[in-house]
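Just below sit the structures, each encoded as structure tokens.
Okay, so subunit A shows up in both of these, paired with subunit B first and subunit C after.
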Partner chain A sequence: MDSDDDFNSSQMSDDEFMGGQDSDDSLGDDSDYQDDVGFESQDKDIKPTKHAYEVDFKVFNPADIQSHQDKQVSEVSNILGQAPEATAILLRHLRWNKERLIDQYMEKTDEVLESAGLGETAQTHPPRIEKVPGFACDICCEDGPDLDTFAMKCGHRFCVDCYQQYLQTKIKDEGEAARIRCPGDACNRIVDSKSLDLLVSGRLKDRYQELLTRTYVDDKENLRWCPAPNCVYAIECSVKDKELKRIVPTVHCECGHYFCFGCSLNDHQPAPCSLVKKWLKKCADDSETANWISANTKECPKCASTIEKNGGCNHMTCRKCRNEFCWMCMGVWSEHGTSWYNCNRFEEKSGFEARDAQAKSRQSLERYLHYYNRYANHEQSAKLDKDIYLKTEKKMTQLQNTTGMSWIEVQFMDSASQALQQCRQTLKWTYAFAYYLARNNLTEIFEDNQKDLEMAVENLSEMFEKPIDQLKGLKVEMMDKTAYCNKRRIILLDDTAENLKSGNWEFNVQIV
Partner chain B sequence: MSTAARRRLMRDFKRMQTDPPAGVSASPIADNVMTWNAVIIGPADTPFEDGTFRLVMHFEEAYPNKPPGVKFISQMFHPNVYGTGELCLDILQNRWSPTYDVAAILTSIQSLLNDPNTSSPANVEASNLYKDNRREYTKRVRETVEKSWED
Partner chain C sequence: MFASKRLSKELSKLHDKLPPGITLIKADDFTEWLMDIRVIDSNPLYQDEVYRLKFVFSQTYPIEAPEVVFVKDEDHPIPWHPHVYSNGIICLDLLDRQGWSPVHNVESVCVSLQSMLTSNTKQERPPGDEHFVKHNKQRPKDINFVFHDNQV
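Right after this comes the complex of A and B.
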């Protein structure tokens, strides 16, 4: 990252080279299947050592996904001796679990076929549209010798118009594809793709294919769609749900989006998914408002109005009900006799407890706010940095014009801007992570790492903002700082990920 | 205006008149063929016997590809009927087939009356009484039967 030669990979950073790694078990079962998916293996020869926070993953484009499906279908179709269409239905029926399908099929063929909607294969001729004398459609009740009709092997015959209408409703309105049943009363037969080809065309068919592909990715545990808007890629990663408390599987899509494979949210390293969920919920709900209220206010003992004391003595008069009471002990003021401004019942147990509870919630609120402010600050800065990112290009052009540097020579600005973005994202989540950490030595090391990264980022950020005429002189320093930021980030992530993997962190909440 | 849904509804109406299933009747309201009023007579030898339960059916243009909305107007006490009169019946949801017509829907509902599904009750009280205290259940049902004659 610290040389000029990666100008053509503006979206790249060190950890992304890992995306090209082929891991043998990533698909679990068949090894020959991997070879034709030589997808983005361009970086094979520059394989850096893997960091603890990185996971193996692969990015698939729609054509890859389709060829995977086709390959699986033809493989299983050979084993089962079923036509590819039927095999595809069977595979979808069992949610693409090949082993389970083969097992069940060998054991109880008829049952499997029946439940997948492929039963009663009595007639052997392929489906076709035909005119049947004396036919009346059960859906629209039209009849006549000229009516085009269609039936699958189950024999439920309807006019082509009705069949098409039906399929359109299912595909377009209900988004169904793999499990569309015959329109017949209580018929479980699934409309196979060959029949569908006969009946629908154009955009509807495209949509059908799209939905079918979708079910493949949705059903496969190790595949996930990239959540970025309009992104068509899917990611394969072998991290299982139950491993999520030990690993934060950040993946990087071809479209440039970094996200967590576990929960599909934006990259949230180093915090594990469950903490992220807790944190976001905490930030979104009102629990801290309630905490503020209990830390800073009391209720009038008579009318229960919420009162915030912003100064003055302990003699309170409620604005609402004119009740006079003591702020310390909450007792009626008349009992305080002449000891005005000084509650002599100060040490009473109830008063003590009230103050104790108040102190506790005040402390907890302060703790939360400490972390939240820093979290929100980085979130805000990252947003501003995004604007900067847009401005970077302009700045780079300006720099080129004023200093006579070449486009390649000004790329350090872009690198710096990207490092800033990424580090801020990481820093943001370190605060959520730290909020849930119990205090111990490890936590202190973590906080040191966090501090180092934060300082590096702020330095770089400051430099980045400097006016154009100073930037040329700062180039070397900026490149150093960029490299330093990236390095600090990797150190921090490595440290947290390693300790997470070996279960060394102590949290003050249960993580599941 | 004659759309596929309306044509089909006219056919359903014709069928209800020429070949009416036992114990049910239905017809579109005066000015809109997309809304129907229906009556189901409680089947003999059941607690619902002789009840005249009124329903309303709302059809969409997507009919018969989509099921109509069906709702009891009469007060019901049945494990699969909500307090609002809406009912929980598989053929009106995920098991709908475009071959069903008004007669088929109403006869299905009629048979649901004496054959409730207590595994996913819409009315928990009715469901519990049906399982544990059939006498009380019958009594509560009879009350709705008598009420059904009034409105």
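Right after this comes the complex of A and C.
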């Protein structure tokens, strides 16, 4: 494969790097996001700095998220002339849509305050715990003059124990924070953070704060949590839901996880989200069982009962409707005259449609299995990724010990293993993608790209299995092959993304 | 503890006095009660029928809503209603996390269900009843109902 060495790594380093300079629509100043969509997408088309399959995104840590949140609260707080606590509630109430809040607030202040659970000003009467004579708690039915009680502005008074129990259930069990309502029946007042401070403490309060921060990210359309277990980062990306049939927005979290910003699933380039959803559903449900049935059984031409022939002659008598027909041609048996047990009426019309239907479902099953087997094979290999990676580490240490190479010098093994994993992930999804692809003049190029990448991957994979003593001599070749794999992957992704963006692919299903 | 204290108070109140058409059948412990309800007004859909409700309480009742379903046996059919599935599961916002308030109690739930039936004129099951009844394995409180119409 010497001729392929032209594609070596030096070429890709400059354009592979994705500049972050144009992703400056940071959390703080996205005020006119909506109106800008038109300009923004034009901008993107002009910028040649990144690959077609890459999208701009930013990673935020929890402190960033908190400070962005605080910044917005203080900004809006100044505009509205409301206390920061109240502003925070208002913002959360309107799902952090600053403009909508300001508009609505200016137009109908009282209504907005009321619906956010802030009716009347709370400043003059800070929340406090009181003992009220003659009080009986509607939750626990306790009464007595010594009972500590609490009520918000709405006046729904309950004993502190019940209130606490209620908040605990809401926060701990139901994971609610920004929209916990008063326990009173049909009361829409939101439990504000000042009241909450008074009633809960310690870990519950921390959890509450954590959940509040979470709602910020949950509510923002351009923010999404990294779905990796225990990952605390959030990603900002401007790709909107409606763009998902043209873009597959894979993002890369600080924690190392690659995932799709559109659906939070693991990186599934080049297949767009809706195809991925369809494909996973198809693989999971039993629609293929149904396909097997139609490919391997026949239906009685009269009553449509499913019949599997497990031996015997061609003269079938349906158990259910007593219809007599020929298994070979599916035509009625009486037309067979005296040629019992030997159907030579192949061109007879009555059986034609039945045979046709069966052939079709057989073909469709074969087609599915073709793509599924390849998809599953790469998935299987991807599942072994961890093993490969661990093995690599071991090999790298062994290599250091036996050949006296330094840690840096054996890093090529690590790069190779990573390239393998990434390429297999991509290859896996090319098969799901291809399953839904309707043939046109572009599919051939796609299949060539797929074939090239697959061959490159298998070549590299094979080298990986070589014994330690040969590995040192293979270093240069392995590095070349790694670079080649990466290159092939970029070519494939670029081509598919480009055509997806311009709507050149034709699919055999509706993509939404 | 929390639930049993409240339930014992509710129970003594129920023994005292019950609204018309509501009967306490079984309340041996603080985990599961049976109540019967009957529609008082003359509604041809529910004439001469008595429906049995099963209440299941969690430890945190009344903070958490009880699980309430109609149960079917020889003497007690499942009432017709566009929000009641034929397996007895009830789609009512009052019984859902969103609509439940700890101020509600067994009696108020019975009264609400009673009035829900009283005002109904449709001899219908919810859309997709057959499929739901066949495939649902979730407990009522884990189902995400969409309360799209509050007319019935």
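Convention: the second predicted complex is superposed on the first by the 380 of 512 C-alpha atoms of A that agree within 3 Å, B and C clash if a C-alpha of one lies under 4 Å from a C-alpha of the other, contacts with A are read in each partner's own complex, and residues count from 1 in each chain.
Everything that follows uses one rule, which is that a contact is a pair of C-beta atoms (placed from the backbone, for glycine too) under 8 Å apart; a residue touches a chain by one contact, two chains touch by 3 or more.
For clarity, every value in this text was computed on a predicted model and none was experimentally measured.
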* Asked: Touching A:393 in the superposition: subunit B (first), subunit C (second), both, neither?
  -> neither
* **Touching partner for A:447 - first (subunit B), second (subunit C), both, neither** => neither
* Is A:165 contacted by the first partner subunit B, the second partner subunit C, both or neither? -> both
* Asked: Where does A:139 make contact in the superposed view: on subunit B (first), on subunit C (second), on both, or on neither?
  -> both
* Asked: Touch check for A:267: first (subunit B), second (subunit C), both, or neither?
  -> neither
* Touched partner set for A:183, first subunit B, second subunit C, both or neither -> both
* Structure fact -> The shared contact residues of subunit A with subunit B and subunit C are 138-141, 156, 158, 162, 165-166, 169, 173, 183-187
* Structure fact -> subunit B residues touching subunit A in their complex are 4, 7-8, 11, 62, 64-66, 95, 97-100, 104
* Asked: Which of the residues in subunit C end up touching subunit A in this complex?
  -> 2, 5-6, 9-10, 60, 62-64, 97, 101-104
* Provide the residue numbers of subunit A that touch subunit C in the complex, in ascending order. => 138-141, 156, 158, 162, 165-166, 169, 173-174, 183-187
* To do: Can you check the complex and tell me which residues of subunit A touch subunit B?
  => 138-141, 156, 158, 162, 165-166, 169, 173, 183-187
